[in-house]
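Note that the chains are named A, B, C, D, E and F in the order they appear, and that numbering of residues resets to 1 at the start of each chain.
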């Protein structure tokens, strides 16, 4: 599978920073986008990327802390989704076969459903593969 | 793999309609969410779901038509992403292991890059697997 | 008075669900729309409809709970307004004489102005007549 | 019926100007609020009020022009609704029995459904009674 | 320096009220506009103008109170900026040489950085000169 | 005058990229923020910074192209304002005496008011001094 888009993306940090910024802003707007989501004051939101050159994938992680008691995972999932859509947007001129996926919850603590770990890809937060 | 969330989701059409509404509204706001996306007047946006009970998956499709000339795929991808995040949100009380993925472009026509087909899942638009 | 619009609206639950979703999202955005409204975290928002076939009316109700101390009625009134505008939008191809009205406060509890009841239409929340 | 709220509202033009501004901004955001509404570039939006002291009512009018071809009435109706909600918000400390209503289409021209006149209250645009 | 724009602006209070409304609404949306800004519930926001006819300047002040603990100055600075952009917009037909500036923090109290005073223009809040 | 904030800002490109992204997103939302601004589809928006180490200033430039016919300068001015507020936000922990200013129109072409040049700071677009 060809990977021109992400190669370009990885070339300079500019695009990644745009995606991080868009993801953080998207996470803050989760309650505007998801109908049943509560308005929760986010106290901390961090998004970062890790490259997996062998599999030509880009992994995106997002951690969110809130002071409220429910729904924090939706903010992190939205942050990851918007960040990856931004990556897709900036690489789409070079590659039209990219995929965004698997977006899932890696770790959640402090909610009423107890601590949750999904060890799908071996990493401690939310994780997404692009171009798998 | 357990699938309590989506079973509940499929039980009545209510949740699906909420997700469709959220996805359409999300598609219309793409340019607010993705930094480099143009403001394009959407003339038509349609989102629908198809069940794959065997694989315990829910497929989401989105078609968008615009009068402008570029970037329509970002609106469809954003619509699918927001619709699936909404499904996730409404099912998350039952199942914390859901995955959103593979979000990709199935078909694009009329842009300057010519007609594009990605025959990954055999369907003529955008397609996404949840809980694969 | 003719009532083709609402008859269509009542035919299937789809349109009503779209209106409920739009109303909830509108209620959450009240502080963006009404200049002097505070940003209050909504802890609960519910919107529902009741038909009055005799008078060819559709009644919309909205209850909102917030953790903050002021202005909750504006969120409920905004939720009702947006929900009814959505109904209007979906029925307007069939009937251009619809009216949205009387939007008013039915019941408020817990604010600094004490408990308030407006028994105009006999129901314990906010209430609106369409097509009276 | 008591009318302390609107008397205060009419006393100075400040509150009315806030409502006009909020209504215009609301009309421009119609497509964000009403799920099926198109994004139409508004070329002109005007909102004004007329007092009816005898009936202790305040009438709100909104005219909107767009370059697109459909849905302009939803923008005017949304503009009126947000303007009246803003009036309500600024008067609610004085009067909890106010009503917003009858919001309806007075006149539409240039759409595919031909010219439309609803002569309910005798005025050539959208019209709304508060505190009837 | 010619000052047709602001003279017009000062002529009636209408334009000023529009700018105040826009500034308050902008201050409430700060966290949507500034990527690293927290969502803080504003408990109070006030914007006002003072004329300096000698220097043909218009000064804009904004005070904001929040219940959260950080970042309140960004809300006030955003409120001032949006209010002044609104003034500029309403006067730009008459004068294309206007300047927006010096926007700065005059006074901050209650944050973790202690009390702050910047006595640049002799006034106890935020202050901005237009058309200096 | 001390300049710890901007020194830090200039140290790596990260903060500048966040400000550029925020400014572009802000420019696209101008019509939501400025009451009388039209919704214009932006076809191109570029923001960049230039350092003036001698005067310890950071200059921000924004060029915007639209297909519509009016109001493009408001989008550029808003883009510059939001970008500079973002810089301020990221540097404010180090320096509380920063100033945002002089925001003004450098060059406009193609509008009904003819071509406009304001040669205040010698550069061909919008220009802003921080920390002068």
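Note that a residue touches a chain if its C-beta (ideal position, glycine included) is under 8 Å from a C-beta of that chain, and two chains touch if they have at least 3 such contacts.
Please read all numbers here as calculations on a predicted model, not as lab measurements.
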- Query: Out of B-D and E-F, which chain pair has the most contact pairs?
  - Reply: E-F
- Task: Could you tell me the distance, in whole angstrom, between the mean C-alpha positions of chain B and chain E?
- Result: 41
- Note on the structure: So, in whole Å, the Cα centroid of chain B is separated from that of chain F by 35
- Multi-chain contact sites of chain F, meaning residues that touch two or more partners: 18, 21-22, 25, 29, 35-36, 39, 41
- All chain pairs satisfying the touch rule are A-B, A-C, A-E, A-F, B-C, B-D, B-F, C-D, C-E, D-E, D-F, E-F
- Complex interface listing, chain C residues touching chain A: 21, 24-25, 28-29, 39, 41-43
- Query: Where on chain B is chain F touching in the complex?
  - Reply: 31-32, 35-36, 38-41, 68
- Residue set of chain B touching chain C in the complex reads 13-14, 17-18, 21-22, 25
- Touch list for chain D against partner chain C, complex: 18, 21-22, 25-26, 29, 33-37, 71, 73-74, 77-78, 81-82, 85-86, 88-90, 92-93, 96-105, 108, 113, 116, 118, 120, 128-129, 132
